[in-house]
Every structure is written in C-alpha cells, then in structure tokens.
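Have a look at this one.
Each chain carries a letter (A, B, C and D) given by its place in the written order, and its residues are counted from 1.
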Amino acid sequence: MDYATLIQVSDSALRLATPLLLACLAGLFSERSGIFDIGLEGKMLMAGMASGAAAYLTGSVWLGMFAGIGAAILFSLIHGVASITFRGNQLISGVALNFLASGMTVLIAQALFHQGGRTPPLSGGARFTPIELPFAEALADVPILGPFYAEVLSGHSALVYVALLAVPTTWWLLYRTRFGLRLRAVGENPESVDTAGISVVRLRYSAVIITGILCGLAGAYMATGLQAGFGREMTAGRGYIALAALIFAKWRPWYALWATLLFGFLQALALRPDVIEGTFGLAIPVSFLDALPYILTVIVLAGFVGKAIPPRAGGQPYVKER
Amino acid sequence: EPALIFDLGGKFDKSFNEAAYTGAQRWADETGGSYKELEMQSEAQREQALRRLAQSGANPIVMTGFAFGDVLNTVAPDYPETKFAIIDMVVDQPNVRSVVFTEEQGSYLVGMMAAQASKTGTVGFIGGMDIPLIRKFACGYVQGVKAVNPDAKVIQNMTGTTPSAWNDPVKGSELTKAQISQGADVIYAAAGGTGIGVLQTAADEGILSIGVDSNQNHLHPGKVLTSMLKRVDNAVYDAFKAGEAIEPGIHVMDLKVDGVGYALDDNNAALVSDEMKAAVDAAAEKIKAGEISVHDYMADNTCPVE
Amino acid sequence: MPSANTQGAQRDTAAPSAPPPAIELRGISKAFGPVQANKDISIRVMPDTIHGIIGENGAGKSTLMSILYGFYKADKGEILIDGTPTTIPDSQAAIRAGIGMVFQHFKLVQNFTVLENIILGVEDGALLRPSLSKARRELKRLAEEYGLEVDPDAVIEELSVGHQQRVEILKALYRQANILILDEPTGVLTPAEADHLFRILDNLRAQGKTIILITHKLREIMEITDTVSVMRRGEMTATVKTAETSPEELAELMVGRKVLLHVPKGPANPGETVLEIEGLRVTDADKVERLKGINLTIRAGEILGIAGVAGNGQSELLEVLGGYARATGTIKVNGQEIDLTGKHSDGQSRRARGIAHVPEDRHHYGLILDFSAWENMVFGYHNAPEYQKNAAIMDNAGIIEKTEAAMEHFDVRPPIPSLPAKSFSGGNQQKIVLAREIERNPDLLLVGQPTRGVDIGAIEFIHRRIVELRDAGKAVLLVSVELDEIMSLSDRIAVMFDGQIMGERLPAETNERELGLLMAGVTETGGAS
Amino acid sequence: MDKLPAWADLVLVPLISLLLAAVISVLVILAIGQDPWEAVRVMVQGALGSPYGWGYTLYYTTSFIFTGLAVTVAYHASQFNIGGEGQAQIGGLGVALVCLALPWPHWTLALPAAMVGAALFGAAWAAIPAYLQAKRGSHIVITTIMFNYIASALIVYLLVEVLRPAGQMDPATARFPKGAALPTFHDIPGLNLIFDAPVPANVTFLIAVAACFAVWVLLWRTRLGYEIRAFGKSERAAVYAGISPVKVIMVAMLISGALAGLMAINNVMGEAERLLQNSAEGAGFIGIAVALMGRNHPLGVFLAAFLFGFLYQGGAEMGLWTSIPIELRLLLQGLVILFTGALDNMVRMMLVPFFRSRRAA
C-alpha cells in the first residue's frame, strides 16, 4: 500500500470510525454507571431517522441534530425506566429497543415521506458540510505529515471533530470531576454511593441521558454528515460494533478511540479488496474483515490478551429493599 | 389484475426498482387500472411473495431482479394459469417471459461520454453486487471508454458480494472518495440504491457521475453527466399492457427497441456538448446496424478490455 | 415478656444537669413486608460513651442503625440528635447531623484508591483535584490523631479487611462524624485486628466521639462498652450500664430465657475410625492459605465439635470434606483415601462414599429456594438409583412420597412436599436439609452452624437428631461458632484458629475460658501463635 | 413488593404485556394515519382465514418453536443465549452440507441425517461462547452477539466463494436433490384435503411439537434437567450438590444451539430447499420474545410461537394488502420483548392493587 492509498484509506477510516466512536463513548457512560446497553444500535437508528427527517423538514442540520438527540434520549429514558426504575433485565430491554427502533424508524419515515422508509435526500443547510482545518492548504505540501493533516484530519464535518473532542472530554469528566468519580463508583458499587448520600437513581439517569446525547450525535452524523439522508437500517450493525469496541477498549475513553479507529480502519479496508490484495499479496476475504472486529472482541473477552473486566455492578438492578 | 414485485432495495431506490415502478404507474395512469405491488424485505421471502400473489389471482406477475430466477423456476409450474415476467434473468418455463437487456450497449454509450468528459483520463465504475450481470455493465462501459480514449484508465470497484450491496450508500460514498483520490473525475454507478451515495459524493466533491437504470440526472442537476437508461419501465409497462395474453419466452430489450440508451434532459444539457452527442449517437446507430459489436461479458464471462 | 426490664425503661436515667443524649430514638418501628424488623424502639445514647447493642441474628440491630443513618425510612418514630428533633430522610442528612456509619458489609469501591473512597460524596466543588489534596492532608492529620494509618493511594481491593475497615472509619471521621456507628465490626477481623480496633475506639471516645457498637459477642461488650442495649425479635428489651451487668444477664435478655442449653445424651461409644485427615492444606483464589495443615480423626459413634471464631478455616474444612473445594494432604474415609484434586470427585461422589453435609448457609448452599420441598429433598442425591424410574427418567412420584414421610419424621411444618422451599420458615428449612442428609443414614455427617437463625424448639429437635445419629454409630463433625452448642453436643472439641487446630479438649475437662483463649490463638504455654 | 398469585404471574402478566404492546401498536398505526381495525382484519384474515394462511402461520410457528425452545433451555441454566440467529444459520449450513452430500433417494433417509447435521452445527456454534462462559467467565450475551455476526460473515463467505454453483448469480447453494424434499402439509395424505395448495408448513412442525415435549421431559423429568434447573437457580448450591457448572453450562448451551440449529430443517430443508444468506430471517431473535412470552415453559413456548407465527404471517399480509409497512411486526416484537422481559415488574405493579383490593374484599 503506498502512502497516498494509506492516506485515502485512513481518511475513510476516520469517517467510518466517527459513528462508532460516538456510540462507543455513549455506551461507556451507561455501562460505567452500571447500566448495560446493547441498545446502542436502536438509539443510533432512531437518531438517524429523527435527524434526517427534521433536517429535511426544517432545512436546518442543527435542528435535525437536536431532533436526533431528542429521539435517542427518549429511547435512553425507556431503557432507564425499565432498568433503573423497574429493575428489569437490562439486556432484554436493550434487545427490545433495537427491534422497536428497526420497526419504528421505517413506520415513521414511511408515514412522513412515502419513500419506502427513507427520508428524501438532504441538501444545503440540511447537511453538515466539511470543515477545512486551518492551514490545510498550506501544509498539504509538507512531506509525510502534510498530506496526513490536509487529507486525513482536515475536511470532515463538524461532528467528526466533536467525536474526537469527546474523547478527552470524557476522560476528563470521568477521572477529573466529581461527576465522574460518582459515576465510576455507582457502576462498581452502588451501595457506596447510596450510603454516601448520593442518589443512585439520579446518577444512573444522568448517565443514560448522556448516552442518549452521544447516540443522538452518532445517528445525526450518519444521516446528515456521512450521508445525505436516512435510509432504513442505515446503521447496519454499527451499534454492535461500538459495543464490541467498548469491550475491546475495556470501558476506557482513550482505548475507545483506538479501538474504534481500528475497527473503522478495518471497515475502510474492507471496502478496498484491491488494496488488500496489493498489500498482502493474497485476497483476504472481505467477509473476514467484516467479522474481524467481532473476532477480536471475543478474543479479548476470553481474556487471552488482557482480560476485559466490566464495571462490577453492571447489569444488576440496584435493590435497596427486598 | 397485474402485480409487481420489487427486489431488495425497494421501490424508491431511484434506480432499478423505481424504473419498474414508473412503468407500472404509467400503465395505471393510462388505463386507469390498478395493480398489486410488493417489496421484498429479505432473501428468503421471495417464494412466499410469489405464491401469495399467484394465490390471490394476480396475473401477470412481474418481478424485478435476477434473484427471483431460482424460486420462479419452482413456483411457476405450480401455477400454470398464471403468467410471470422476470427481468434480468432467463427462466425457462412455459408461462414465464424472461426480459433481458443489452446493458453492455447502453454502458458503451455512457462510457464514451465519460471518456469525452474526463479531463484526467481516469474514469471510475462502481458496481453493486459482484455478479456477471454487473460485470456486463462494467465491460460495456470500459469498451466505450477505450473506444474514445484507448489510454484512458478505468478504476473499477464492486460494493459487495451479497444483495446488501444494492443498498449501501455509505459504501458507495466511500468508494467514490477512493476513486477520486486515484484521479477519477467521472464515475459510473451501476449499484442500485448504493448509487445514491455515489452520485451524492460525486456532486459534493465536484466531479461528474453517471446514473443508471432510471434517469437520475435530476438528482444533482448539472452534476450528473448522464444516466444509462435501462428501460425496465417499458418492460413492466409492456407486460402489464399485454396482461394475461403476455407472450412467454425470452424478450431482449436492446438499443434497437430502445431498451437501453442514455439520458439527455435539461439537467445535463450543459454538460453534454454537441460533438459528444454526435459521437455517441453515431456509435448508437452503428451498434444498431451491427457495425460495432459490443462484447457481452455474460456470453463467455470474460471481458476483452480492462 | 419474661424480663422485668420492659422496653423503653432505662436504668441510667441521667441527672437533670447532664448534657442531652447524643442520640435519642423514640418509638421507632419498621416492617419489611410481613417481617416486623423493629417494633417501637426507644433508646438514648449519651455523649462520649461507647454504647453497645447486642441481639441474636435478625433481631433488628442493623435495621435500626440503617434507619438512624437515613438508609431506610422508619415507618414510625422520632430521632433526636443532641436533644433536637431531626429528620433523617437520607444518608446525606445523617452525615450532616454528624453521624458516621461503618456497615457490616463495607461500602467501599473496590478499585478506587483510599483517597477516592474518602471523598466520594463529600467532594468540594465539581473538580476532584482540590478535594483530593485536601483529603490527603486531612487523612494525615486523622491518622496521627487516632492512630489510623493507611496508605492514601492504596487501592482498596489490595488492602486487608482490617485496613478496609480503617478506611470506613476514616471516611466517617473525614465527614466530621461525632457519632460513629459500627455494625459488627469484629465479625470479619482477626483477634489482633479486633484488639487494634478497640484501641482505636478507646482513643476516639477519649477525643469526644460517641460510638455505637453492634455485636453479638458478649466478651466485646463487657470489654469496651459503657452502656449496653439488648434487642430481641425486633424489640428493645433493656438498656443497662455495662458495669452493672454480667454476661449471663445479657445472654438471658438476648434470648428471652435462661440460657441452659443442655442436650440429654449418654456417653459416647466410639468405634472404628471413620474420618482421618492428615496435613490438609487449602489455598484460596487470592493465594491465601486458609488451612495450614489440619490433622483430625473422628470415630464412629462420636461427635467432634470444631470451635472457633468465624473465618478461621472452618468453612474451608467443610467445603473440602463436602467435595467442592480443592486441597492437598490426605483424607481417608473408612480407611479409603479420597481424591482432593477435584478431578475425580465432587459433592456427589462424596455422598456416594457415605458423607452427608449440612452446609453452614442453607439459603445459598443447602437449598434451592425456588425448588419445591420434594425437589430439595433429593438435592445432591438426585442421581441415586432409588430416585430413578428408569435409565432416563426420575421417579418424581416416588420422591414425593418419600418426602412426605421424611417431612413427617422431621416434623417439618407445613408437611406439604410441593411447597417451594422459600416459603418455609428458617427453622423448617433447616429441618428439610437435615432430613435430607440424615435420612440416608450416612457414615459421616458434616454439620455447619446447624441452628443458626433457628428458634429454640427447633434447636432442641435438631440437637436431638444429631445425637441420635451418633448413638446409631455414625461419626459427626460439628462446626459451630456457638460455644454453648459445641460444649453441649460434642464428645470431643477441637479448636480452630487461623487455619490450624490449636488443640483438642474433652468437654468435661475444659471450660469456656480455656476454649476462648484457644480460639484467640493463645496456647497453653501462654504464647500467641 | 407485594406478591402476585402464581397463576397471575404466569398467565396474566404475559397477557397484559401483550395487551400493552397491542395498544401501543394501535396508537402507532393511528399516528401514521392508518386504520388499525383494517390492519387487524387483514392480519387475522391473512394468517388464519384460509388454509393457505394457516400453512404459513404454522410454518413460522415451527421455526419459532425451535428458537424459543433454544432460549428456554439456556435460560433454565441461567444463560441468556442471544445467539439463536447465528446458530440457526450455521444449522442451515449443516443441513445444506448433508442434503448436498448425497443424492438422497427419499426424505425419510435425508431427514434424520439433516437433523443430525443441523443439530451438530448449531451446537458447535454455541460451543465456543459456552466454553468461554464456563471456563473463562466471558459474558455469554456479548459473545453470542458477536457470534451472530461472525456466523453471518462466514455464511456469506461460504456462499459466495465456496458453495455457490458455477454460473449462479445469487449467493446461495444449489438446490437440494428432489429426494431431500420434505413433504409439506399439501403432500401429506389427509392433510392435503385441507391444504389444497402448496404451503410451506411441513413435517418439521411435528418434529417441533415433539421437541416441545422432549424439552419438557428433559427439564422436568430427567436428572440432567434437574441439574440444569438447579444450577440456573443457584450456582453456589449446585456446586455444593456436586453439580459441575462447566458441564451444565456446556450441555445446556449445546442443547440450546442444537435446537436453534434444528430450526433450519424447517426453513432451509422444508421450504427454501437451498441455503440462502440470512436464512434465519430474525427467527433467532424472535425466539427471545417467544421464550419470554411463554414463560420459559415448552407449552408456553408453543403458544407464544403460534402467536408470533400469526403475527408474522398476518404482518406479511398486512404489508401486502395495506399501506402499513411490514415493519410493524418488528415494532410489535420489540414491544412484546420490552413488556414481558424488561418492564415485567411494571406490569406486576399494575396488577398488584387489583389483587390487593380483591383480597380485601
């Protein structure tokens, strides 16, 4: 693979990694608070539909984004009610919400636009447009780093940079603030938080709402940044890949960045069988690359390379009284 | 009452299935008749869909897409009274009409236009699912490109190996970006719903694209060089019009019967110069007359040019 | 109410000039569904004292303290702090009122550092850094003032239990608690750690803190408290000055009658050796050696009692013998060696060798609470041929029939085999387990805490059954933390401490004092091991 | 929390959940401007109004029974098997390999062999997650999700690169030999008086019913079932009783995977007669809903599978004859799972006052 190709694939990888990263960080907040969330996929899908539809109807990508965030938060709250308030099974709730989203998005989009469950193509102000980073032009000619800066880093829509900034922000929130300390504590041992006089329920709801916001951004990016409109099942399992990345990253923000970049890179590479063949000298089946994130995650889960230990209270409802 | 079954990708794919829909709609508008329609949701549903429509007395039943071939082969004999029409596939049954197109001819024409419009001498092709049918598009296209500019480079990519390749705009978009980075400045998308992503990205990045099946010029006015028309609409219209009297057997839609062609309208008028049009029209005449023979990939599963 | 000390009546009525009680509870009641955990409880805790609360398991001690700490809400009643009525809707309010609590089960975040645990919930401001550095300074001061050293940067899961407890105490002090509640603080501690804790508590009292100490160990009460309150079955039966009472009086107040556990039993007729243990060692998952070379023998027709403070290896001993923990060394049953690697033997093969096991914890081990009584009656023996109809199918009807007979025999009430185990009371659940294990006439019965949480009537019944089994020529290994039970049931007593047998005694030739010393790791020669 | 009588918990809770799901669906239909009563009419008519409809309803029921039982068996060992989808697809691979291996002379020979293939392959696909859970404590929910995706990638690869016959465009295996075709209800003497046109429901339905009975016997009449249920209720107690966790997890998951794999007899061998991509069509996931709705009892699973068979066939008809998208099925499915599996405590709480006042009365 020559450098130009690497640049191109990396550029593509960054775009494809962005929804994974946002969804992965979304899952991180929820799971760090002790609420397992396998419904990232559904929330992204809802957000994609809502943002696509709202952006089309209002002509404003920002309104679209907020609609997406709203839809994802709504689903988050259903998950919260089921798993926090009514102490239901978090895994089942997640599965259910994914189905709900698959059905709901098509029903709503079809009712609104009669285009088989997709929104009409977005244009102009209804889409996120690429942002040129400063000096991208000027630096493009610097050898090695220049093209990397100008081609790979520069020229993406705002949400790509939001996603990248979300990583240090998440890290900072988690490890440097009171909220983060409590969030981590409630996912490890909710009783410690409860006896310290902090509301477990409120903390967990806040976490779940942040999850909704980030999933909303992920969905909005899919429909209004990466694509110009929503299409049925457009998230295509990205929520599950994000979940895999979250495990791969052992529930840590910086690792999440690397994991999603890796998975994004695999996705980008899967698009270019020609490059693979040229680089490795043999035709690696695209199916194998598609499956690789899941295979890697299983290997990590199996503890063969550094065991992934989930937050200790994850998945269990907090019951104070019997 | 006739019926129409759309393949995966759906009625509003702006391309192949939508062309079928347009044809059916034209028939309905003209005759005031009504028809049943059904969109496939999954691979395994095909048989149920066919049987259900046959059961309900629909006749003829038109289906779009080669993927129906296998099930039609088993279903058609169970309903000898019902007439079927399948597009893009040959099914040898007494009550089936098989409609096939000479996509290589239409693709040849748009290939010529691509070569003429290209400034870099590099053009692209993005196909949907990697099957001989789509290679047939690609091969005709390359032949057209080379006819104009023997030195031109054609970058080819297929979106995938499964039917989901017909409906993956994200991949279409990423492949477009990849081809642009390799120098392509005209890209032909023969990929169903995936093509929407191709055309969108091409328009965003300021290069030209070529649509397929339906006239897609209007999707991005001034940015779509032309569209390779595959008159699925005509095929559906004809079948509906013939009704129960539809003739079985193989039905080839080629340039001569306007089965394929290229689109010219207000949206791309500025992009197509008179000399381009003249050259393409001349080639079309020669193809019709048999003076130019465009190789059909599916005849021997090879393509003489790369 | 057999005692003259009616509830609420306090013998230590303070002089008018004395300061108001640090805490006064008036008429506190709390029910969990049908269980009345606290009934109309009143208590006054004077400042600068250590106030003990004792009571049997389930008497309602923890519930009462949780109410005081705002963790549970009382159904009725009033709380006064320093004489002012105070409502404590949540723990934050309790903390504000100067109450700190060290729970029976620590509430620490295992993978946090000590500092992080200390500041959790009392951070100053939204950012952590200032809170952390303040806590570090404060911790240093507290450590010096009260002798509570602990590394502020250590991660909790790497600390010993004793140190974790110090962190809990530090947490309370950091929150400027004037009143410190400790719920069974010594249950998990080694005697040395417990002594250290008492020195710390002494120190805290000297510095003007008020301490409530929950325990059911009379020795601790006598040793350190100023005043003691006794709870029984959700009620407060008395509050007395420690100096004016005796362990005997407290014990009577606790159980509601004179404690005279005497089991009618004749002398033992020991026969062949049934169980022979040599050099038994167990290392747990954390690589801590829990059994350090145990040697024991039990003969047919004999009850060997194992005395010891909980957590000194008794549970591990039972687990190894029961077949579900691995060990090294040798165990012979009826002269035949048993595989200890776990490869060729498990609970079922032990049972096949004639070892029956009544586990210490019937809820989590002995029973499947959701299974019916008859399903529980074959639990562990479900592969035995007599319970099968044919090669594939179990003989459910036959099992139900046998269960009915066994329930009759063991006076399980109600004698309905189809009832799920969870709907029997604790005593009756224990009888089901005993019935299952004894009915099959084992050569060796392992019994752990046979009467924990069981009422007096059932205790006597269970004791009689164990003695009957012995008289039938079976060997019995009895593990109990209740010295009385050990003393009255055993034919021989072995005392365990820190994974070792400290010594063996005959009940007639020893007394509680001597056993107590052994249990604390003090040998005859006077040196602590 | 107040206790409900057992029968209410078993019968009323699922029914109320279903009712809630139905009410919300009706509201959604109204919200998108369609007529719910028309939808219900079309569904009932389409699924139960003709032998043809029954033929499809029972066909789907058959598939859902298998996947529902798969979830049920794993559930009793306290394992949440979300991998039914992948196991069913790999089971289909087993069926295809068996059917294509020999020119089967008669279905009575092909069926047992294909069942073995389906069960073995399905079980094999469950084996790795099971092993990782049993031996290394890797969360089985996550690993089975991952294995669903790995299965679908594997199937795509095999269909495209290995099993697709030369000259065929769609990624599928060749047609199975005629001798491997299972008799459908239309082919069975007696039944063909009712099912006068070809329907997909086939002899597998009878196998599914037998499987319900077999699972019931397994769970409540055999030693193995006893151990599975005991382990599922309390791992610690099971260890005390000498029940090996590794064995129970492995065996329960292998049986679960085998049951999911057996579904392929119905759809791959009985209906499609070739292996297609995504052959399970989500039936693996519906198994979750079926098991939850059926309260993890084979009889309940049978009834719930029929309910979902009805919803699926009715939903397909609704997609065909009304302008309500077929995705309404997914919505209903999601709602049923949500109410029966995650909001069950809410449903219980809704019922408690009713029972309290009744008791007081």
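Just a few scattered comments:
Quick note on the criterion: a contact is a pair of C-beta atoms (placed from the backbone, for glycine too) under 8 Å apart; a residue touches a chain by one contact, two chains touch by 3 or more.
None of the values given here were measured: they were computed from a predicted structure.
By count of C-beta pairs in contact, A-D exceeds the other of the chain pairs A-D and A-B. For the pair subunit A and subunit D, the distance between C-alpha centroids works out to 30 Å.
Here the CA centre of subunit A is 35 Å from the CA centre of subunit B. The centroid of the Cα atoms in subunit B and the matching centroid in subunit C are 78 Å apart. One simple way to say how far apart two chains are is to compare their mean CA positions; for subunit B and subunit D this gives 38 Å. In subunit A, the positions touching at least two other chains are 117, 232, 287. Among all residues of subunit D, those that touch two or more other chains are 156, 160.
Pairs of chains in mutual contact: A-B, A-C, A-D, B-D, C-D.
Only residues 38, 78, 81-83, 86-93, 95-104, 106-108, 110-111, 117, 232, 237, 240, 243-244, 247, 285, 287-288, 290-291, 294-295, 297-298, 301-303, 310 of subunit A touch subunit D when the two sit together in their complex. Of all the residues in subunit B, the ones that touch subunit A in their complex are 10-12, 39, 157, 160-161, 164, 167-171, 173-175, 177-178, 181-182, 193, 196-197, 200, 219.
Against subunit B, in their complex, subunit A makes its touches with residues 4, 7-9, 11-12, 15-16, 115-118, 121, 151, 222, 226-228, 231-232, 234, 236, 268, 271-272, 274, 286-287. The residues of subunit D lying in touch with subunit C in their complex are 217, 221-223, 226-227, 229-230, 233-234, 236-237, 239-244.
By the touch criterion stated above, subunit B contacts subunit D in their complex at residues 36, 38-39, 41-45, 47-49, 51-52, 55, 66-67, 69-70, 74, 78, 131-133, 161-163.
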